[in-house]
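Shared between the two complexes below is chain A, which pairs with chain B and chain C, respectively.
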Partner chain A sequence: MTTDGRIAQLSIADAAATLAGRILDAFHGDEFTGLADHVDSCADQVVALGAVRLVGADVFAPHLLLSRPLAGRDVAVVADSFAYFPAVGEPDTHERRVTAWRDWATATVLTRLAGTGPDEAVVFAPPPDTASAVLGPADAWQQWSVHVAQLSPLALPEVGGPVVEAVGREGKALARGAVRAVLRRDYVNAARLARWVALLSHSGTRLPLDPVLLVEQIRLHGGTGPRLLLDLAVARHQLGIEPA
Partner chain B sequence: MSVQTAVRSVATPEQQVALGRLMAEPETSVSDAPLYSPQAAGLALLLALLLVSPSVPEEPKKK
Partner chain C sequence: MSTAVAHAAHEISSRAITWLHANRHLGGFPSETTADLGDPDSVYKPLSETVLLSSLVLREGVAGPGEAQHARELLDFAWQQVREGDLLYERQLRHSVLTDPLETYAHFARSGKRHEGLEELLAHSAALGALTEVMPNRRLAVANARRIVGIGDGEDWAELTRVTWLGATPQPWAIDWMTGYCLTHTVFHLTDWGARPEDMPEDLADYVATWLPVWIDIWSEVEQWDLVAELLIVGVCLPEPLFQEADWKRLAGVQHADGLVPRDGAPVDDDPLQRFSDQQHPTIVAAIAGTLALSRLLST
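Moving on, here comes the complex of A and B:
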């Protein structure tokens, strides 16, 4: 990767962490000022729009889980993020498949919340691919769980779709992947998998591990990264645990 | 400044590649949980030590 590419990656990752922190404030009872005000307050609005695309459907977590109202300006910001960073065309690599599914989730949630989407072609398109194409075989649960973690923004209520159904059928592989991530001290991936564990637990799926203990273990050892804490906040909310 | 006026038509290729990589982040490159794996060198050393070790002394026979 070129130096410019590395700088772009770090800038978008930092901006995504800042945005996740703003969303996290809503879970702690603070006022969520909205996406538009946040992007307007950023020094580099282009990078801020990249962060909106990266955080994806999670930007709507306060609206989905806390019933916060969605402003029209926030819809425009998501549309801008899709205009500046175009959706992938043919998902021919794993990276592009993951991106396509995450974009699909963003568009699906936006459509359900606002009745419209950032881009007609994105919103009303069918799911970009089969679930097995992006997740791989659940028998190879180590790799499968990493792919599931990459798709953690889909682990929100109201998203649904083939990937959620496919993950829901593989509770044992998911539990193995989550425990493996904790043992590897890869708490970022562990928190992303904990969201899926919480979603399945919330929907009544029986799992071979205690989701509350998993979330508490990650909270105690996972550090203070805003994106990790946002994943945990989403998981805790679905499990009915008070915010940390 | 409005967001609508700030954006250009499309991101640079570097920015698009960077976003794609961040979307599909791999797991961190820490080691797996420790697992037992027998070492071939250790087994060979053990055999060699057994071979070169002096034989067990025998008790002299009583006449």
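Moving on, here comes the complex of A and C:
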């Protein structure tokens, strides 16, 4: 992500966890200071902007789900994050396809909330690819569900688009993937998939498992990582459960 | 019909039966064994499972002539080991609430090896309600054995099923290795090992069809081949049978050249007796899986 190699990547991952924790605070009723204030408070602002890119559309979870206002300065922060860490070009590998879809989701939500995107190229770009190109066939539900988990920031209201529609048609494959993750004690991916389960449940899709019990299972066993807890908070909100 | 699955199923079962037949003398009772059976799990239980396999090979009639002959000889060997039913009779006489003589005898009876005195005793026990407390899935084993032998006035299958783990259709992650076996056996007995797939209640069949691929996946990942083979049998027993080619190829892939199917991913002992004692069960299970799968594939 940067020319500084692995150390910078690690610190961006740490910074993303910190940012996830700040967003999580909003779900717990704490004051949400906003993205711009958060980035300003960080020692290394480039790393903080990298964290914004990594967290992606989830930086808007408080705005989308809790109706927190989006300040103009926050819009500028997201635009800066795209300036420092440009969107991927041609999505020619799976990893780049995932990144392209996550960027697309960030730009889409930003456009919906602010009426403007991070830059014209990203905002007005059509979906980067077909849903099947990034997800693969749902018959191969193990790999398909891992890909769905990688796209968990798309499991927010207001994102929509081909991937959300494609996942929405495959409730059984999604449920199998979530149960597989729980049985493998892979709670990070289980929480990501629980968000999709919650999104589908919220939109009235019939699922072969109990979404509330799934989320509670992960909460009780999944530890205290802020990224996982943020995924669960988003899922709980969609399911109408009070914050844990 | 999936030719690849049929081929793998046939290979697995014929090789496994060959191995079990070749090593059968390692699975006999020590001399002077009495009906009290100090350690029922050492020889008696595997012998009973051998009888189950033989009875299913003969019932389904899809084995080649060589394997069918092996199955008949395994059955004869086991019948001779239980002294043509006398050992089971003596065991039931002395321990009237035990269920294992009935469970073992049912597979002999299915294959035409009957013992009049034992059947009288079993009918009397059923009339008394003499039955030790057992796990709910084991209670279904008793119900199925009575159904096969033709004993008693029938069972309340719905009630017996309801109290099993599967009958409660829990959230699908609320399962562990041991409970996995409870699930498989509930399906085995409800359907009499695939002979009555329509006897699976519809909601349970839907539940199993939805989650079986997940359970097969996670226990394959940790190389629990014995349980995986049992789960493959479950798939065969469903009203809409589940045959995933990759599962059958994977099981065929772990089978040893001589036909042994390992219990799990741990190294297999070299000592012939230890090897047989450790790996007899999974090899029997794999032989049953292959036999029932081939039969179901040929009939659909």
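In the analysis below, the second predicted complex is superposed on the first by the 240 of 244 C-alpha atoms of A that agree within 3 Å, B and C clash if a C-alpha of one lies under 4 Å from a C-alpha of the other, contacts with A are read in each partner's own complex, and residues count from 1 in each chain.
One rule holds in what follows: contacts are C-beta pairs under 8 Å (C-beta built on N, C-alpha and C of every residue); 3 or more make two chains touch, one makes a residue touch a chain.
What you are looking at is a predicted structure, and each value in this text was computed from that prediction instead of being measured.
When the shared chain is aligned, chain B comes close enough to touch A:45, but chain C does not. In the superposed pair of complexes, A:165 makes contact with neither chain B nor chain C. In the superposed model, A:176 lies in contact with chain C only, and not with chain B. Once the two complexes are overlaid on the shared chain, A:14 sits clear of chain B and of chain C alike. When the two structures are aligned on the shared chain, A:209 is found in touch with chain C, with no touch to chain B.
Which of chain B and chain C touches more residues of chain A is settled by the count: it is B.
After overlaying the two complexes on the shared chain, residue contacts for A:30 are found with neither chain B nor chain C.
Applying the stated contact rule after C-alpha superposition, one finds that A:83 touches chain B and leaves chain C untouched.
By the touch criterion defined above, A:184 lies against chain B and chain C together after alignment on the C-alpha atoms of chain A. Across the two superposed structures, the residue set of chain A contacted by chain B and also by chain C is 180, 183-184. Residues 171-173, 175, 207, 210-211, 213-214, 217-218, 221 of chain C are the ones that touch chain A when the two sit in their complex. If you check the complex, the residues on chain A that touch chain B are 1-2, 4-6, 8-9, 12-13, 16, 36, 39-40, 45-46, 49-50, 53-54, 76-77, 80, 83-86, 88, 94-96, 98-99, 102, 146, 149-150, 180-181, 183-186, 188-189.
Across the complex, chain A is touched by residues 1-4, 6-12, 14-28, 30-33 of chain B.
Interface of chain A with chain C (complex): residues 141-142, 172, 175-176, 179-180, 182-184, 208-210, 213-214, 217.
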